[in-house]
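Heads up, the next two complexes both have chain A, just with different partners, chain B and then chain C.
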Partner chain A sequence: MRFGRQLRIGLNDLDEVIYGTAILASGGGGDPYLGRLILMQALQKHGPATLLDPAKVNNRWLVVALGAIGAPTVALEKFPGLTALAGAVERIEQHLQRKVDALVAAEAGGLNAVLPIALGLRLGLPVIDADGMGRAFPKGDMMTFGIYGGRAAPVIVVNDHMNAVIVDADDNRAAEELGRNAVVAMGGLAMGAIYPMSGKFFKSAAIRGTISLSRDIGRAALAASREKRDPIDAIIGYFHNQRKKARYAAKLFTGAVTRCQPKTGGGFVRGAIDLENSISGETCAIEFQNENLIVRIDGRIAALVPDIITILEEDMGDAITTENLRYGQRVTVFGLAAPDLLRTSAALEVVGPRAFGIDLDYRPIEVLKGS
Partner chain B sequence: MLRVGVDIGGTNTDAAVILGDEVIGVCKTQTQDNFGEGAKSAIGEALKAARAGVADVRAVMLGTTQFTNAFTEGKRLQPSAILRICLPSSQDIEPMLDWPADLKQSLGGHIYMVRGGYEFDGREAAALDETAIRNAARNMRRRGLRNIAVSCIFSTINDTMEKRAGEIIAQEIPGALVTLSSRIGRLSLIDRENAALINASLGNLGAAIVESFANALSALGIDAPFYVSQNDGSLMSPEYAARNPVRTYSSGAANSIRGAAQLTRCDNAIVVDIGGTTTDVGVLKNHFPRERSLPGKFAGVRTNFRMPDIISIGLGGGSIVRLGKKLRVGPESVGAELNRKALVYGGDVLTATDIAVAAGRVKLGDPAHLAGLPAKETARADRLIQAMIAETVDKMKTRAEDIPVIVVGGGRILVSHDLPGAARLHIPDHAGVANAIGAAIALLSGQAEQIFDYSRTDGAEAVAAVIEKARQEAVAAGADPATLRVVDVEEIPLPYTGGKLTSVRVKVVGDPLRGGAG
Partner chain C sequence: MRFGRQLRIGLNDLDEVIYGTAILASGGGGDPYLGRLILMQALQKHGPATLLDPAKVNNRWLVVALGAIGAPTVALEKFPGLTALAGAVERIEQHLQRKVDALVAAEAGGLNAVLPIALGLRLGLPVIDADGMGRAFPKGDMMTFGIYGGRAAPVIVVNDHMNAVIVDADDNRAAEELGRNAVVAMGGLAMGAIYPMSGKFFKSAAIRGTISLSRDIGRAALAASREKRDPIDAIIGYFHNQRKKARYAAKLFTGAVTRCQPKTGGGFVRGAIDLENSISGETCAIEFQNENLIVRIDGRIAALVPDIITILEEDMGDAITTENLRYGQRVTVFGLAAPDLLRTSAALEVVGPRAFGIDLDYRPIEVLKGS
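On to the complex of A and B.
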């Protein structure tokens, strides 16, 4: 339910929000199941959450982006902790000698989009209906806040023992790398606060409406499932029918996973997924670096980073994160045009194909379709 | 020397006698309320058919779904407590948070969280708070709780804290039945903890079922060791099964896939198991069932056992058929009452079995009862049945290739030999008792999984260490060390860790130790 432009999320909206954030995540963003349970417990304890319209953010506010950093596999045992996340906010306040006024998600993903909402409920702090990626990316310096001139530092990572590492570096990439190394030393998972920024800057760089978009996508898909319609078609219909905010969306491929090979290299998990359609014999190859980067169908490029490429479970259309993909799974590859803020030349330098070692110029998914 | 497999299902109890590679005697009977009696008569008849005596039996393998039924029907569940060793971590998702309300209520929702737990490499993350455990155990005792599940962060890597908690609980609660999550499940605290709680809530049902089967064997005069099938189709000792009944709940699917492999000598195939109410389609890959990778739900509760990747549809020999414009087959079924309710048996319900008889594929009952049915309509229903099966087979295929399809189970008569998409179709002899055959040829297994920092540990050393851990588990389960072989090694780099952390997962299998589990 919306009151004015405010978005309210209650227990009844939980499945829709989680479904939608996982669709946007492009194969990353953390385990949606954990995100669902953490938000569920917070909503049961504190009641519904109200998200703030980005337009209502005061220019002089201090806004900070939050998220869990580390291995999703570790998070299956040691759940992302709200006390540690609160500790990260507290350290930012100590470091900058002022109160944080509002929280925002670092990325749109099944876990990381909802962690700030759960923390906001606990701390009584406003959480903004926005994020810094409009999807998930592997690195903190790939956020729009960095692309459009913001400073990532001080980057704070805190573990459940409330041990904190504070990284102060002018270079966003260095800040991200040092922070990530600290996370591995902390047991493979920690809670992070990054890009402390003014409300004014936030409004110039944020991807707006991420949580309401997620809820709307989830609502369309789950309603379709209940009515025995195809949930993925419903999502595509949703994007095509937004008058001003219409975005190209399409099913790129349907088939089974015939090979799924994660490889380490260059500090991140790089790998390839091969799919085959058992009826047509068509093949599909996806390269990923945590998140999915490029899709080729029978050798022809169908989508390229930063456009969103998410692999969905065939029947219910639930998004599958890269680490959960296995041989034999039956899936549909879903493609979605990236938000405009990720398609500028400044953005493509940081999140375009070449930033991931793919020697190709970016071409939008809707253009590739016709080629 | 003979191996005897027994499958006690909801409807039928099957037995198969195997000599070397050959099936030499089988028997199919109805499951009885006292299922030990049913097992006794099935084994006796199968041995008679094999012209073998009880002295020739070297081992007996039991597959059963009795525990599953107890839990899914919510009957006989004991109030149970969960003690999670986790603080200061993992407190923002409480145990049983997303359980169905009625199940949570029947267990009582007794939740305790105490300090302790490990890092991914088995190092202590927080010291174990023994005082808190003792206080929790005393509180459980005051509440009259005897069935206790214990979970701990990364207990699959290091189970010391879970064991210590088990000791303290045993001291404080005389006669407590303690389930340690590290004995039950795999990496993923919630799924493993759920499985441990389900196991705890079954109380001494596991012991009771194992005992009644042991009694049936001794009444027959069989003194060979027996084993119980678990979810992935491998075996466990009766002592282990008595304490861990939850590990049996999906053994039927794995057994039928392995049984199908044995009957056809195929290494790779799609296996279609058609029962009275449902059809399960699975994949045989390199002689073993292909396992599902994502957590499954058991009575609405998420768990992550290693178990076969199966698609089930509501189609079986007893499926109710509606002819006419709104042609439908299933999912409703007459189930175990097929022998009374189907038209060919003089009943008044049109079933999928009647359609198979009308199609002339099989002679059963009295076909004269079908005389009034419009032939065009029954032919359409038959085509629908073939299409339902073909579509499910197709979903399980990963490639557009010619892979054999094996059909087993009591409802196999539904399948036409020209099933679309199945270039090579096998409906082997004894296909009706594939479950029991799969149980008879099952192996013992051991599994282990561990996370390593590959910037510090050599990959080959890491794999060797995990293989050794899996071997130890297989030997503890009763495997002959000389027969152990590694069937699966997975090295999965963990994302977002700078390429440093890698998860290593190993499965080994072996034959039963001669003379039993010791």
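On to the complex of A and C.
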């Protein structure tokens, strides 16, 4: 279904898409419950969404990446909504004096992967089956669009009062920092538009097939659940059976949360999670900055950013975003090889462990498994 | 000279203008030394500047207010310069898709009153003999353009790396706060453009004649100095002899600095200054937030914001900006009635004592004198 054919997302696909995007998010990407609500309302109002195959994007189009920016813990109380996101697109158009031709998700995540779909339905704009991270990351300059030479600015952020801040800076890190700084001043969460780019550049740098992959993951897991099979095994099976597109996926740990103390500050939520398996006595420690960055099992490293580390409910296999994790909760830690575009040396400089202050070289999850 | 005729400012007028703008600044408005240097270089390169009489501003023009924004203590080490200010004007033009027709100073001050003159020479744009405060204030929403109904946004700030942040918000206070927040993130000082407005609105709200008044003040004081008369008495005489335009002016205190501890934070420099007269034993306490806000002499209030409170060197009568005041320095505290446009009830809501957290009703300096 993923390439060459149109991807249609209707109300029947809603749960599958949300399930899958949350799996890819590595603990971030925004609250899937919120994403589900927003996409459901848009689908109810406008009918099914048709996502565009990235290969069909016109070279001369203006494509822009969208997402909610800020600390996810704020999102639960104060959510700017689609009107603010539409405002961000409008500001990009005003600033560049050009109409936006297509929207794409800034990152894969329960909220951020589907916001552009809902907005595309509202504005009648094409939304591309892709994203700029293949997972979620805490910073806008960690997108493949930046890693592979794109310019983040103008970065637009709009809050729930429709106050807008437009950042223009040649340096992507400066643009991201000034944008995030504005988000903090705006109350901690805002809607953002970033990396306005040509269709040609988009195709050179995007992570393709994000929404169709999410739908496929969700479909495999939810079918397994209905048939009383293990949904996480079904997801792992799905990734292993993709032939050329196969990706290493594994259960890294199963146990209960013994410590989880996120701290929100500077536009991020940071902290560490400790898990324990009461039968084997094994322990698992995870560090995060919005997204999960490193897993250690009994002190041994089991996965490192940019590989995907997602914490799932033990039974249903639903992904749990970092801010929703609770003491005592029984979970499985799921690991998934990052897309190839995140594993190049150029990418690892920007999204490898050291970019997050972890003084370790990146080692792929499938290599760590054998070590 | 002030009305009906063109005001020409050449190298011969430089010291007079800088002296006068610094007197009006109430302790803020930026470093006069820096203002002198920048204006001198511009006059040397481009020849004399001709300032436009506010009455001659075309109703349909686009006028924009300019100034350096941030904590003045930062300015000494890291100054963005005219290229950044030109960048701010360019961004306003891009954002509004319209050429700017004339520049005006955001505030009166040793630096900020003359920056637009230097930029006008460079860009070949008219600069109006006026400003938006008649003195200096710590916040952009304290301009008469805001008090009398104008919209601050889009607020543009550009730093020394030419990074730009554009803030758009209907609420002037929100626009100011988001702009200042960006300035802090940009290193503490940036060049700003604010209140893009029609010529018609400009004429309804501007404080007129700022540069000619500054030149006249400087002329009176420097002539007195050359003739071994007291420059501060000469300034006071100048204000008292203006017939319809007469303003109350007085020496409030003379003594030495016994305490001065400014703290920079959140884009401001705040603190208190204590003075003592070693002969009379009288003490004087001044509170400031970038600009001087209140003077107490032996506990009795002698002047309150928005009236102008400027600390002058005892001998030459040069104004000293708050950040340049030093322990032991011998000074005179000079008080000057604020322009009428700052004394209306609408203005006092925005620039009266309570706007600065001082729990007192405003009383005019000439009334306090008799109390």
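Throughout what follows, the second predicted complex is superposed on the first by the 358 of 371 C-alpha atoms of A that agree within 3 Å, B and C clash if a C-alpha of one lies under 4 Å from a C-alpha of the other, contacts with A are read in each partner's own complex, and residues count from 1 in each chain.
The rule is simple: contacts are C-beta pairs under 8 Å (C-beta built on N, C-alpha and C of every residue); 3 or more make two chains touch, one makes a residue touch a chain.
Bear in mind that the values here come from a model prediction, so they are computed numbers and not experimental data.
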Contacts of A:181 with chain B and chain C, given as first, second, both or neither | both
Kindly classify A:161 by the partners it touches after superposition: chain B alone (first), chain C alone (second), both, or neither?
-> both
Is A:69 in contact with chain B, with chain C, with both, or with neither (first, second, both, neither)?
-> first
Could you look at A:169 and tell me whether it touches chain B, chain C, both or neither (first, second, both, neither)?
-> second
Which chain makes contact with more of the residues of chain A, chain B or else chain C?
-> B
Touching A:97, do we find chain B (first), chain C (second), both, or neither?
-> second
Chain B and chain C footprints on chain A, overlapping residues = 161, 181, 184
Write out the stretch or stretches of chain C touching chain A in their complex.
-> 91, 94-95, 97, 161-171, 174-175, 177-178, 181-182, 184-186
List of chain B residues in touch with chain A within their complex = 88-94, 97-98, 117, 119-120, 125-126, 153-154, 187-190, 283, 290, 293-294, 302, 309, 394-401, 451, 453-454, 492-503
Complex interface listing, chain A residues touching chain B | 28, 33-34, 36-38, 40-42, 69-74, 76-83, 118, 138, 160-161, 180-181, 183-184, 187-188, 256-258, 262-269, 276-281, 290, 314, 320, 322-330
